[in-house]
Structure formats: C-alpha cells, structure tokens
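In order of appearance the chains are A, B, C, D and E, and numbering begins at 1 in each one.
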Amino acid sequence: MQRIGVFVCHCGTNIAATVDVKKVAEMALHEPGVVHAEDYAYMCSEAGQELIHKAIKEKHLTGLVVCSCSPRMHETTFRNAAEKAGLNPYMVEIANIREHCSWIHKDIEEATEKAVILMRAAIAKVNLDAPLKPGESHVTKRALVIGGGIAGIQTALDIAEAGYPVDIVEKTPSIGGRMSQLDKTFPTLDCSSCILTPKMGEVNAHPNINIYTYSEVESVSGFVGDFTVEIRRKARSVDMDKCTGCGVCQDKCPSKKTPSEFNRGLGTRSAIYTPFAQAVPNVPVIDRDACIKFKTGKCGICSKVCLAGAIDYDQTDEIVTEKYGAIVVATGFDMIKLDKYDEYAYSQSKDVITSLELERIMNAAGPTGGHLERLSDGKAPKEIVFIQCVGSRCADDRGKSYCSKVCCMYTAKHAMLIRDKYPDVNVTVFYIDVRTPGKNFDEFYRRAVEEYGVNYIKGQVGKVIPQPDGKLLVQGADLLDNKQILKEADMVVLAAAIEPNPDVRKIATMLTASIDTNNFLTEAHAKLRPVESPTAGIFLSGVCQGPKDIPETVSQAGAAAVKAIGLLAKDKLLTNPCTAQSDELLCNGCSQCANVCPYGAITYENKEVNDHGIREIRRLAVVNDALCQGCGACTVTCPSGAMDLQGFSNRQILAEVDAICR
Amino acid sequence: MQEFVEATSQAGDSSHLATARQRESQTRVINRAKELLADGTVARVLGWKAGDLPYNPEPAYFEKEEDFADFVYNGFCGANLSKYMIEASKLEGKTLVCLKPCDTYSFQELMKEHRVDRDKAYIIGVGCKGKLDIEKIKAMGIKGIKSISGAEIEDGAETLTIDTIYGEKTCSYADAMLERCHVCKGKDHVIFDETIGESKETNDGDRFTEVEKIEAMSPEEKFAFFQKELSKCIRCNACRNVCPACSCRKCVFDSNKFDSEQKANVDSFEEKMFHIIRAFHVAGRCTDCGECSRVCPQGIRLHLFNRKFIKDINELYGEYQAGADLEPRTPLTDYNVEDAEPGIVAERG
Amino acid sequence: MKTEQKRAEMIKEISGVNPLKCMKCGKCSASCPSYNEMDIKPHQFVSYVINEDIESLAESKSLWKCLSCFACVERCPRDVKPGKLIDAARQIVVRERGRNYLLADEIPELVDPDTPQQLLVSALRRYRR
Amino acid sequence: MKYSYFPGCTLKNKAVDLDHYARVSAEALGFELEEISEWQCCGGVYPLGTDEIATKLASVRALNDAKEHGQDLVTVCSACHHVIKRVNDDMKNVDDIRTRANNYMKLDEPYEGETTVLHYLEVLRDKVGFDELKKKVTNPLKGKKIGAYYGCLLLRPGKLMAFDDPENPTIMEDFIRAIGAEPVIYPYRNECCGGYISLKEEDMSREMCRKIEESAAGFGADMLITACPLCMYNLNKNNGDNLPVCYFTELLAEALGLKEEVDEQ
Amino acid sequence: MSIEKNEEFRPKIVAFCCNWCSYAGADLAGSSRMTYSADVKIIRVPCSCRVNPMFILRAFERGADGVIMCGCHPGDCHYTSGNYYARRRMTLLFSMLDYIGVESGRTRVEWVSAAEGAKFSETMHEFVDKITSLGKNVRLEDLRCRNL
C-alpha cells in the first residue's frame, strides 16, 4: 500500500474562489492510501514546495497527488520537488482542478464536488504508480532553421558561431525576409538593407551554414535530438554552381509582366528573377508559371544569353533528407488581407496603400525609385493620412484580437521621414493609442510631433470616401475635440495588422508543435520558457511566436540559438520513461504491436522464459526505450494485454475510470 | 494394392453401409499419412478420429500405424485443426495436418502472427463438400441415430440416409449443412503441401443477410435480440478455446491486466463485455471459420459479432479476408488518411 | 438597486451589449452620419451607460437623431455596437409612459400623399409604445 | 421554382406597380412568387431589444408559413427583408427568443429558423443567375449610367444579412450590368439617406440625400436605383428631378420588355 | 418542444483526452474561462491511440452515461499516426455498440486541437445535452457496481 500525500493548491483565488479547497483536502483523507492532506495558497511557490518536502520526509510518503493547475503547467515542478525529497518523480500525479474545474465552473458546490472526483482519480492512479527511470538517447549535432528572415539569419549565425552546423530552409529564392523590404528602421532611422545585407553575406560565407533557398520542409519525423527532415528543393531551373549572378538573363527575359512579390505587387519582374539586387544567393530562379519557354516551349532566350551555361530547363524538384538534433522555427509574418475592411476603400482606390507598400515606395530600389507619389496618377501628394490599428485589436472576426505592436513606431517613422524629405507635405495620423514601450521609442514618437509637426488625432476613421476628382475624403473622429472630421487627402496609408505566415500551420503540424488561435506558435511557458515550443527540441524565433520589432526579434533569435546550442552540446538526452513494456509471460509474439508502432521501437527476439516452471524459447516483443515515445498504440493492439504503458497503465486508467464513475 | 485391401476391410468392419468407392478419399489420406510417417517426413499426423457416436469425430494425433484404425474424414469433421498446430509447432519434427479449404485461411493467419511454424507443418489439403450440423438433423425430428451414410467425402449423393432406432430416415445434405458452409469462402486451399480429394461449391447464401437484418432493427429490438442470445451464455469458454484467432497464451479475461479476470458471469453486462471484447480482439484477424458458433453448447450465434466487424471493415476500409495472404497488416493495424470518421455510425443510423 | 442602476442594467439587457468591451477608438463617431446633430455622441453613449447616467441619455436629442443605419454596428471593432445601446435607451424612454416622441395628432401634418406606409409604421414603432 | 412571397405594406399600397413589376419579371425568368396568405406587416424596423417578442411575431408567422409550404421566403423590400432575416436568425440562434416566440405562436411544430430568407436580388443572383438574366433581356438599357443605392438595411449588419460585402457590395452593380446598363460606383452608395427620421427630422434627411446624390452625380450617374421603397421616396422627395430614382424591379421589367404591359394594367 | 430539461438527472460523462491536443484544448477552454458542464470529467492519455475499448466498456459498466474521446485532428497527431488507428478502433467499436442496441449518441469522437478551446467547450456542451436527452444509461451498467 502506498503512503500518499495530497496537496491542494489555492492558486491565490484562482482555485480557492470556486473550489472549497479545505473540503477537498479533508475529503482526501478518506481515500485509500492517503496519509497526509493539506492546502496552501501557492503550491508551486518555494514555500509550497517546502511543505511538500517536509511532508515527504516526515510522513514517509511514497506517492503525491497535487491538486492544482494543469499538469502541462507544473507537473515538472512538482516532480522535481518530489525528487529533491528523495521520492521518485514519477510517483507524482496532478489533479487539474484549475483549467478543468475552477476556471470553468461557477457554482462552488458543483466545482468542489468535481475537484474531489478529479482528486480521487489521481489518488487511484498514484496507488498504482511505480517508480520509473528515464533512459538515454543520442543527439545529432546539427540544427535546422526554418525561415531565412532576420530571425532565422541571426539564429543560424549564433548556432554556427558556437561550432555546430546549421541548415536554413527558405521558401523564397533569397534569404532576407521582410526586413529586406523595409526602407529605414526605427528608432535610429538607419537604412534597413545597410544593416541586413552584411549579415546575409556573413550567413552565405559561414563554413557552418548551408542555405536551402527556394525550398520547403516536406516532412519531419523523429524527436528531440534525432529529427529526420525531408526538404524539397524546388526546381530553380538555374544551376547554382555555374551561375555567376551577372543578371543578363533577367535583363533579356521577354516576360516582364509578373507582379513583383518583393515590391508587394506595386512593380513587375521578369520570369527569371532574383527578388532584389542584394539577394543571397545571387542566383535567379525561373518562375515556370510566367516563363514563355515553359508555357509555349518557345523562347529560351535566357539560355542563349547565359555565358556560364547555367540555365537548366530540365531541373526537377529534389528531396534532401537530413538529420537534426534541434529545429528552430522562424517563419515570420505577413500583412493581413484587407478585403474585409473596404470602408477604407483599399480595393477601390490605388492611393489607399498599406504601410509595407509605402516602405517600397519610399525605398530607392522600389517601384517609384524612392519618390513619394500617388500610384493613381504619379502626382506628388500634399496631404497624407495614416490610419492606425487596421485589423488589430478587433473583437470580431474581421481582424485580429492582438496589438500588432510595430505599427505605432513605423508610422511615426514614416511620418517623420516624409516630413523630413518633403516638408510641404502635411501628415495626419488617426490613432487609438500611441504605444511606444521600448528604449528611445517614446522620444522618437515625440520627435515626430514636436520637431516634425506630424498631426496626431485621437480617433478612428469611419470611412475613406474617394472623390470624383481623385482626392480621398477621410471621415474620422477627433475624440479629444469631440468633433467629426472630414479631411481631404491625396494618399491614405493603412497600418494593417500583421499575422503569422500562413504556412506556419502546416509546419507546426509536421513538427507537432502547438499553435494558438491566432496561428502564433505557442511557447512552453509564456514567461519562463518563451523561446521553446512545448514539443521538445523545437525552438521559436521571431514573429512566428508573437508580434515583435527588429531589436526584439534579434534578441529572441539569439535566445533560441542559445537554447538550441544547449541541446546540441549534450551527448545524451534523458528519455521519457513512460514507455511501453511487454510482459514476457503474456506476449504471444504475434507482431501486431510492431505493425502500429510509429517509431519502429518494437522488435522481436527469441528468448527463453520460465512460465510457471515451463522453460521454453518464445518469440517475444522487445521495446527499445530510446525509440519508444510512449503513445500507447501498441497497448491497444495487444489482445492479451501483455503490452502496457508505464505511467499510463491499463490498470491505472481503469482505476481513474472507476474513480470518476464511482 | 495390399494396403488398399486392408484399409477397405478395416473400414468395412465399422460401417456396413459404406463401400470402398465411397471411402476412397479417406483411404488416400490414411495411406499417404502412413507413407510420410514411415519415411520420417513427419513425426505425427493431426486428423480426426471416430467418436462414440457416428456424428462426433474429434481431433486427434496419430503416431503409429495402428492408430489409424480410428482415423475418419467425413462430413462431420468440421473441427478446424489449424489451432492445434500452435502446440504442434513446439514438438519435435514435422506434423502432418489435414486442413479443409476454410481451415487453411486460419493456418495462414496464424502464420502471419508467428503462432505456427510453417516448417513444422506438412499440410494435406483435404477436399470438402460442406460439413454437417448434427443439431440441424436433430431439429428435423431425427432422433435415436444409429448410423449415417452419405456423409462421406466422395459421395455425390444429395441426401443423407440415417438409420435410427425408429427406422431409416432421409434428409437433404444441403439442409443438414452447417450455416458457415452455405456462405463458404471457396473450395480452394490457400496453403498446402499436397491436396487429396475434390471439394464442392456449397455457397448458396449471403453471409451478411442476418447482420443486415439486425442492423435494421430499432435500438430496443437490437438490445432485446442480443440480450436473448447472450443470456444463454454459460461462460464455458468453448468459443474462445476453439477459435484459431483466440490464441493468446493467457486471455485478458484470465489475467489481472485489466482487472477483468472473471470465471462466471453474474449479469448480462459481462456476457456482452466478454463477447464484444472477444470479437474486437479478433476483428481483422477472424477468418469467419464459424467454429465459435459450431461449438457453442448453448447454440449462441456468435458469428454474428464477428461478421458485423467483417461487414464494417469491408464497407469502410475495403474488402478484406483474413488469412487470404501473408501481408502483415490487418485492417486494425492499418489506416488510410481518408478513413471515415466514427460519426459515420450515428449517420448510418 | 437605484433607479439609474436599474435602467442601466435594463439597457445592457435589452441591447445585449457589454459596454466594458469598448476601447474608445471612436470608430462609431467617425462613422455616424448624424454625428453633427447629436448632443451626446455615439462613443459617449458607452460611458453614460457605464456611469449609469441614463437620465441624461433619456433627455438627449441623440436618441431621436439616430438613423438606425447600423454603420457603427457594422464597423465597431470591439463588438460594442453603440447603435444597439442607443436603440435600447430609446426603448426605455418609449416604454416609460408619457415620453412618446411622436403624437398621433402630429401625424396628419407630417404626411404627404406619397408617404410610404413603411415610414409611418416604422416611425410609430420607433417613437411610440 | 416557387417561392413564398412577402410583399410588405408599401408595395401593397402606395407602390403597387413595383410589386407588379417584380411578379411579371419573375414569371418571365421562370419562377413564381406565391403570396403568403394573411401576412402581417413586419413593422418596418427590426426590434433590437432582446426582450421584444410581440413585435417579432408577424415575421415569425410569415417564416413559418413558408416553412409549411416548403418554400424559401422572398421579399422585394429591403426593410422587410432586413426585419424578417434578422428575426429568422433570432429564431435559429437565440434560445430565449425562440422559446418565447414559440410559446406565443402555439404551432403544431415549433418554428426554429428553418426557412431561408431571400431578397429578390438574391434570387436573381443565386437562383436565376445574372448571366441567365442577361440572356433573357430583350430591351437592354444601353447607355444608361446608373448608380446603385444600397442604403443601410440590405447590407448591415454584414454578418447577419450575409448579403454582400457591406463596405464594397457588387450585387446591384452586377444587376445593372445584366440589364445592359453601365453601373456607376460612388462611395455614398452604402451611406444612410435618413429615411427613418424623415418624418420628424426633415432637414437632416434632406442634407443626407443631398450628399448621396452629389456623390453619385459627381461620379457620372444619370439615375439611381434602390431596393427600398422608403429610400426611393426619401431620395425622390429631396432631390426633385435632377437625378431620377427608380425601383430596381421597374428597370428589370423594362429590360425584359414587360414594363408597358404592367403600366397598362 | 424540449424547453424543459430534466433537472434531476446529472449524467456521468468520461472524456478521454490526448495530452498534446485535446487536453491542451481543454486547458485553453479553462484559461479562456469558457464554461461547460461539471458532469464532464477528463482522463489524460498520451494519445487517442492509448484508449482501449476496454476502458470505454468499463466506464459504461461502472455507470457512465456517455463516453467521449478527443484527440488531435487527423494528420496532426503528436505521434504522427496514433489517431488514425484510434479512428478505426472507435469506429468499429461504436458500430458494434450500436449493433447491440446501445444508442450511438452515447459515444462520440471529436478532434480538438490545442488551439480549439472554444470547440472543446462547445463539444462538451453538445455532448452533455445529448446525453441528458438520452437519459440514464441503463443498457450497459452493471448494477453491482453502483453505490447503493
């Protein structure tokens, strides 16, 4: 019989306000095996853990039940606490009376009753717990970074500098990401490509870094320390070894009408192209949907003009398979589509643009050569209106519930740059709140107002009304003056919300990494493990985890790199001890379990057994602990019940069922 | 020729109605078995020996020439011998086993599960013209049976002649056949070393007709139907013991792995639980050999459970016959990304 | 419960709106075609309800100037939908006796031969109990 | 195809022509409008109050009648459409309203929002198809530059009405193209004309109509069409003869060559 | 009309949730304060493929009125394919239960991701309503197991 201690956490009032914690603790004492029960305000705190420690020592506990928040939150905390007091950490079970009880029920009696039942199920489980010891697995000392923007670049550089090989997989033909599309950066106003290009060069030249551009992750299998990844290298139609990057093919290409992705569709590009001049690698790709040769079979001009003979129309997609110990996701973001926000007339007027489009217009390498002009008629605007929070902070399904975080600052930047370069242009910003938490951020915004005379109006815009003469009438509110404003403008710039790259869902699925309702990857702990995914061996870098600006992205990229390095530096990893185990006396050797094992962890051996005095050689299932991940698929396939899962045994789950149905 | 005469005379002693012509197949099996025993190819023979009544032969090993006096192979040899090969595989030397076409599916399924050793078996595929159900004959009011003729394998006769203490009676062979033979999988053996005797096509029904009938019932009717069937269960475990798929060293219902060890059922739930779980455990592995229903002393139509699973598997995951090949995956250890969702059960109504 | 508190609760109940969701962006006031005619502006309705000053709302011209055009309802990013609050306040006023905004005697002089039934029906429903 | 038809008060009294145009056009386009027996006025305004039941019952009756006939419910007036569609949504999704309305109605089988509510324009778009309509036009209104005036009730609240993009609708423009004319897109097409308040606040609604018409004329419209009799009345009243305002059914009948037939009746 | 609910009857409902998606989804429902009935009690399993039909029958035997299993969406399994096996197992088991006359509404499988707190709570609402309308499970309960 176990000697069980039950610890009921108040979680401040999170639990105690809805669950009668005293009563839960008292009820625990009536359960079989329970020799100790107490409640405390914060069980996870140092003091709370001390209580556990003391009880284990004093009452010689052999098992613990902690009634608290989700085991996904603090199971490890309490297991470690138990271990410190000399108890096997797998003798701890959590009754989730917060997320599954106090937070979803209102009636105290009802919630308390349920908490007691959940506690009973946990006690029933602990009664059948057995001490478990983790095994070991090896670590492949190579990292994969998915995404080649500034986040991916920084992470890759840091890992490579620590001496580990890194592969970057980038979907587009060049690394660089969103940052390469920006003109200047806040709050220092230095030129984006001036600071990014050297880093791109560094990545390209680094002996430990290998870049797969125009490539996508095709499949991921394995687990922490030992992932196997298939990477699809899309047919570039250009031999990367032969190409010298001279650019003649792009000049001569007769198909030049494809909207340029890099310029947000504001300009065009050729069918054979590099996205931008500083692309890394500086090797073009042929867009087969736009290429005349691929569409009609005729043309082939690029091949004729290429002195290096690098054009290869017969190239096909290639699948590269590689092993990695750690994977960093750095898939970045895009702007939301504005089709649900047509009160701003984005689809009705060419002069209503997004901020990222403005970046391209302001950029010397952009579609207007850096001249600020209206896209409808090429005229210089005299009045520009910026609208903030377009699709951010929305409670309805038109937009995003979160603050996109970067808009306030880049709008101040845009306003300042415009006022600086074109002092005769008036700039008005409609805002709800100006959010500038960051070093030198508020000073930056104040400069826009005080030194550059940018007109900030607190209030949203209701409608942008295109006028017959091409002007735009902006109807907005000025909440401080309590007025409705009708402002004539030549150009309207929308601070559209940012959202995670739509591909991230697919990637997260392959990685079995959690993702939230907004498609941001979930961190293992919001405060304490912000760059790790709950899935071991997966790390998060940049906006894929949540909105952030460049300095924050670079910091997080470094942090993700450190976490990955920490993993790669280990020679062995402790494995999950909740693995399957076969009872030799019951095993039929039928191979059914091996059929369903996703990890190939089950093999068969001829072994001698002593079955109640009968000695014979039998074909028996053997589980490789290092490979077994503990899913339990085999246990259900096994008709005799020989195969069982440690930590989630048949009898334990049945005991929980019984406790709940009691 | 000497052997032939001898065999005939032996048989003639046990049944005055039989003729040498009609016994040809049984004799050939015996002769071949003796031959293989003699030359050391096999160490023993697994077949059927005559019982105390004319209709209850039982599985038996034959190791010496004189043992064959009791060897029979006739219409009452329904027992599927493949499961005996699990134990026989552990014995020294090869075992000659007589398998009917349907038994070979079971043998192959057991091979797939590494439960029998192909190298330890010498399979004689014996011909079959459908096996008989004594209960059906009795149900026709034929009692006090002394002997039966027409049940021999080579007999082309469509009728059985039964000598009873009340005089001679007759009935059609087809009417006396086991249910499973009306829905026979086919007359070909899927695995064998040699075959002896001809088989006959006996399939004249659809094996899912009964299942469909039950499916069409209301929940209340279904419940009542199975309540009635299963309340007869005495948990004698005959179904489990005979089933070639139920080959666990120790059944879950006898071990403490699920806290499910029970000897007798106390109320209706347990019969259901036992039979559902048993059917679930053999789902995708059951060849539909029908032995469970044949041996049930209470006459419970246990194959209705297995056939329900087979029907669902066929409908949802594609036609499947357990034991038809040696592909390692069964429907329950395989999947398709496009598989139906469990909600289909409610949708089908 | 005090009367004003009761009336505020009633407005929340009738409208189904939680005024606390408002982030004071002013999009309602920016969208309102009757803005200039209103003494209490659409975005202010929210704080009047939060502050339980319903009498001021009841006395305000704005109740009768709202067009029920749903522009604020459509565009509110926070699901507050001030138009619903205004309508609920109008309901409360109309339900409380003697505060009909349209008197039966007035109607003949307001109507011309082409006035559609729809206008009379809707006016009666909007303005009277 | 047969639809239950809710004509509404205005089209039954002051604007019978508009109703006739709709019916003869329907016939020509191969569908039939079967008027609901003993329909009652929808009230013209959707009662926003969640505790208002009595004022929703007229709509529920019409909806249930359509359900019993197994037909979709069609309206020509956008106010009726708005009210009935929203009441239908309440009956489908708001437990309290559904329960209480059904308690009042005492139907054999409770009404739970089963009926589909369609505006005549939706029938043209989704059932007939504008391409099909185009083929049946015998008298294309060539050279006419028409501004579609949507107003508020057809489009908003966008999620509930699920009629068209509330900020950038296209259905009436597509209709205008189908009858052979040229649509004029102008930003005030979904701004309110002040119809509801025109009885008591004449000046306000006059000013709003002025903005709409100026905007439409500025973008080159010769005329406006509406799908709401109140908008039509209000715009016409405040506009004089500068920019004629027509009901869409009238133009439809004209394009199908049926207008004279109705006018003679 | 089913306006009146049987206030007396409180169903016992067992929910098996996989650790990676559905249990996390239930956590999210909790941290988003989305309510659902306290009649639902969750048992954490590593994967939906860990759910043995024995567990479900046992729950019914011990007096559960409904059993629901939640797992990662097909294609999203943390263990890559566990839920595909679970899907076949549950389909066949539920079909068998239906075949012997247990109402198909008493069993359900729902795929709930870690991001679908709202779906989790809605599913539980629906399931509790369904079980409440079916009433007490009398067909599979072993009366000896009941606390009298």
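The working rule: a residue touches a chain if its C-beta (ideal position, glycine included) is under 8 Å from a C-beta of that chain, and two chains touch if they have at least 3 such contacts.
A quick note: this is a predicted structure, and the numbers were derived from the prediction, not measured.
Visitor: Could you tell me which chains make contact with subunit A and subunit B both?
Guide: E
Visitor: Under the document's definition of touching, what chains do subunit C and subunit D have as common neighbours?
Guide: A
Visitor: Does B-E or A-E have the larger number of C-beta pairs in contact?
Guide: Higher C-beta contact count between the two pairs: A-E.
Visitor: Farthest chain from subunit B, going by mean C-alpha coordinates, please.
Guide: Farthest by centroid: C.
Visitor: Please find which chain has its CA centre nearest to the centre of all protein CA atoms in view.
Guide: E
Visitor: If you average the CA atoms of subunit B and of subunit E, how far apart do the two points sit, in angstrom?
Guide: Their C-alpha centroids are separated by 39 Å.
Visitor: Can you work out the whole-Å distance between the CA centroids of subunit D and subunit E?
Guide: For subunit D versus subunit E, the centre distance works out to 46 Å.
Visitor: Using mean C-alpha positions as chain centres, tell me how far subunit A is from subunit E in Å, no decimals.
Guide: 30
Visitor: Measuring centre to centre with CA averages, how many angstrom lie between subunit A and subunit C?
Guide: Distance between chain centres: 45 Å.
Visitor: On subunit B, where are the residues touching two or more other chains?
Guide: Residues 252, 258, 332-334.
Visitor: Could you list the positions in subunit C whose residues touch two or more of the other chains?
Guide: 71
Visitor: Enumerate the residues of subunit E that touch no fewer than two other chains.
Guide: Within subunit E, the residues that touch at least two other chains are 52-54, 58, 75, 81, 85, 89.
Visitor: So in the complex, which bits of subunit A are touching subunit E?
Guide: By the definition above, subunit A touches subunit E via 70-73, 96, 98-101, 103-107, 110-111, 113-114, 117-118, 121, 221, 509, 512, 514-517, 522, 534-535, 578, 596, 598, 629-633, 635-637, 645, 648, 650, 653-654, 656-658, 660-662.
Visitor: Can you list the subunit C residues touching subunit A in their complex?
Guide: Within the complex, subunit C touches subunit A at residues 21, 23-32, 35-36, 41, 43, 71, 75-79.
Visitor: Show me the residue ranges of subunit D that touch subunit A in the complex, using the header's touch definition.
Guide: 159, 165, 167-168, 185, 187-188, 191, 215, 218-220
Visitor: Enumerate the contact residues on subunit A facing subunit C in the complex.
Guide: Per the stated touch rule, the residues are 343, 389, 393-396, 398-399, 432, 458-463, 475-479, 482, 484.
Visitor: Mind pulling up the subunit B residues that touch subunit A in the complex?
Guide: So the residues of subunit B in touch with subunit A come to 90, 112-115, 247-252, 255-259, 281-282, 328-330, 332-334.
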